[in-house]
């Protein structure tokens, strides 16, 4: 019985984790902790999308916070300017992000590789603040966009919590299914051996554009949920810190491993809040953490889980032999 | 020996201990302080933190507030992202703070964050964005106080007093053209736009209205435009002392010898200590406007205590103003006689006049920002001479007369 | 069209160009030899400036001794950093990604340690020369002329070093064919180590130069780094001479954009130039030649 | 006698892997000083891997490699070059953005050879007059035969006592082949040097060689003096 449970410990862990998240507001329901959970839902999705692009498709994109911001801004602006329903705006924001990113990063990226894509996407994200400033009358410039309507009038924290939890589940399901679909397999094939994949008839350009479009759409939509939850956004979202946090989440969980980014997000979002107690040393500790993982745990948390798994399998085998 | 007795004894002892402890050590009053402790604003954040630590230490040494000890609860709002101020705000409130005091913590979201609660919130953001909600919806935001004036006030003030300078130095402006050079940051954009709107109504022409980003290294192209349009008034609105220092240095390099017929005005920035150090001689003759600054016997005494505690001088406005804010609140609590009767405390703050170091504080009943005035919270006009900022106005502060800046040759 | 305005603006463009070239120098050497993008470039530059400032104000050394001492410091710092961290990382299968993320993390760590050590206040390094040169209506500071001069002299020295010394030749050899280099008896790890150390020193030097004009806070490095990236990619990764061309082109583009469109247009125009050049010539201006 | 005059190269039971794939299985061979030995064998059976193991480019997993009696199987490649072993790879590995002259000069990178750059350069130019003509040309612009010459010339610049040449003739026209092997013959007669050459082509090398080894599936299956073996016998062993 014990052994059987141990064999499924990962599944049990996921179920327990999700049950805990689902029940938390009903049992304890501290609004501050709920806020942190909502941030976790959102950043976990952003990091998982990033992981899909970088870890699975092997496209070295560094601009994902930019894709997020486009979705967030577009949704906020549409909602404020035309008074459309936030749900429509979120979808439009996702589409806006998809169009911009595919056009300005995805298409040029077809002709580029590795480090060039990294720099192109980074510079794309870095030029967004100036573009926002440029269009100050619409975007609020450096002052940011404020008083963005919530998803519906009089929304409570509890409702936001469950809506974003649903977003989290839906997005992760989409990402999971993408990874295990033929598209996902094509990504992995391209990442691991481009010539072999091409020989199999994988169209590199088509797959690259597909993954850019998908990731920017999902990231943009998540940006929309973020902005309607917070009610405010400014170019500070594009500053270095959120960027580093998202990278750290991905890396912490394990690049190119599916639930990795989610685990990373748990540690980073809650850890970052906890580290606020450390005051001025917070970011130094974050930097040290990133360095230490790369040096000593290059596979991230997923490597650790694999290690436990291996131990358990061995234990099971030994028990089976001894009995 | 039967052990049921031991258990009874232990339980009794514990119960007595708890009761006694509860009665003797009353819970401290928690003060929530969202501060920019990391990121680009950390230098001010550090001063705010020190000011509050000193304030609490002194108050506790004097027996506490209403006989209760005070304790600070810090939260880092980093680069002032909306996401952070929201999280920090909720954490502080969740921890049960009875007041929130900060130097500055945000570009406009803070009022909405803290307006949801009842604890008094005192901030020095000096932004119209932070006080507008209070003016529009007092019912909801009655607990938010801004112990500085609004950024727009700089624009209103400059549109009046800038034009009083030329007659005092015996110089006739060659035209009615104005240059407005501002950085894209609410604190600077709001007053600059307000200024531009007002002077245009007064019949001036804004020939250059340039918005930059932070970190401009080469002002050459903008100086070239100044040279070709020849405005009589050049106004510069940029919070970053390095941008401002580079601007005035390159301005003086370009026009110092041949001369240019223009006054140069800056909003606030020269009050940041680095500015004079970086700009050096180039700043001679520059006119700027800022707070009354740190002077007077009350400040001198404060400075001594500060140096004794931290072994260095207090730097900048927030080392002083944050302390004033603390004192305003502490006075209100003492008058109200209770700390968690928030509406009472807020009423006392609203109604009181407080003689602080940086100003005499009276809150504007409309938006609960500190009222501007020569004898209240003044905007003081300075001109830089011999490496020092010399107060020129209003009358109460005036030490000497304006002089012609070195680049005006006529 | 005001000729005075245009010429003065072009001069400004040259000055900005020299600053951008300075930002790119260390990056291009590291990439040229090791094929690693130094995402900790900014803070390394800032540290060079801070060390100089420290020796200058706290030890009371003169400007030149302070700079030299700081350069020695930076050299050994680079060597240590390489031996302790980058070298082991280069041996992992995912080295391209790992080194970048590692250097990013190190950047933020060092930035915040510098914040603790030096405090958040703005520091600066005094200008090398006072006074200015006047030709007709154009007026340029001697200091700014010296910056342009340093960039040009630096490129000459670098080219001499790369072409005429055994070590420089070995660096080029490693950059062009690592196995070939090994075959002729070059120790890759040694060359990598010294190249990294040298590039760290050059990056530190760039921080000193930039510290005279931009002034220094621990955070300013990110800005220098991102601009350096644009320049390096445009110039052709790993080509120092290409980077200098790119820097002057971007400096002049920036100055003209500021004059005619306003300074907020600078980044969008940079991005446009960047994408256009990358699409037309993905190998950059210098045409994909290494070192 | 052997104590004072050890073999130039002595290889014993060398294993080598690429990842999981074992390429060499207990390969052994020996090379006397001033001897020219050719190693024949089918493609992909470990000939090049053996040379790489000797040169320290892809170190052996097990076994011993002695050069002039000294164990070098764990020595870094740079030091092996310094000791006098020059490896001329099939892939050439030239520095394509440098001139012919620079490439040759780098051949003399090791400390021992640096003092003799001028002398060796004259020797290489004498051997390959074509290279002298193209001295200031960028290596990337050379023809196949010329770059082969450059690779050999660069190897000779190190002042080696043992030359490891990997398929010098591959992809060359008959005229070029003759030129390259002619040069190797010249080296053999003029210099105090041992040569271990890997080849597919049989005719030319057989004329040069003192002895012949045959390598198949990572094992040495045959060793004979060159005079006692003919082309047909070798080609038969390939299959």
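Should a chain be cited, it is by its letter among A, B, C and D, assigned in written order, with residues numbered from 1 in that chain.
Note that in this section contacts are C-beta pairs under 8 Å (C-beta built on N, C-alpha and C of every residue); 3 or more make two chains touch, one makes a residue touch a chain.
All of these numbers come straight from a predicted model, not from anything done at the bench.
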Centroid-based (C-alpha) most distant chain relative to chain C: D
Contact-richer chain pair [C-D vs A-C]: A-C
Centre-most chain, if every chain is reduced to its averaged C-alpha atoms: C
Inter-chain centre distance, chain C versus chain D - centres from mean C-alpha coordinates, in Å: 42
Where chain A and chain C are represented by their mean Cα positions, the distance between them in whole Å: 32
For chain A paired with chain B, centre-to-centre distance based on mean C-alpha positions, whole Å: 37
Distance between the centres, which are taken as Cα means, of chain D and chain A, whole angstrom: 53
Of all residues in chain C, the ones touching two or more other chains: 112, 115, 264, 267
Residue numbers of chain B (touch at least two other chains): 38-39, 42, 46, 184, 211, 213
Chains grouped in pairs wherever the two touch, ordered by label: A-B, A-C, B-C, C-D
Residues of chain B that touch chain C when the two form their complex: 38-40, 42-43, 46, 184, 210-213, 215-225, 227-228, 241-242, 245-246, 253-254, 257, 273-274, 277-278, 315
Partner chain C, residues of chain D touching it in the complex: 55-57, 76-82, 87-89, 91-98, 102, 105-107, 109-110, 114, 154-155, 158
Complex contact set, residues of chain C against chain A: 37, 85, 88-89, 92, 94, 96-98, 100-102, 104-113, 115-116, 222, 226, 229-230, 233, 237, 264-268, 270-271, 274-275, 278-279, 282
For the chain A and chain C complex, residues of the former touching the latter: 54, 60, 104, 108, 111-112, 114-116, 118-120, 122-124, 126-127, 129-131, 133-134, 240, 244, 247-248, 251, 255, 280-284, 286-291, 294-295, 298
Complex contact set, residues of chain C against chain B: 2, 4-5, 8-9, 11-13, 15-16, 19, 112, 115, 119-122, 124, 132, 134, 139, 141, 213-215, 217, 219-220, 223, 254-256, 258-259, 262-264, 267
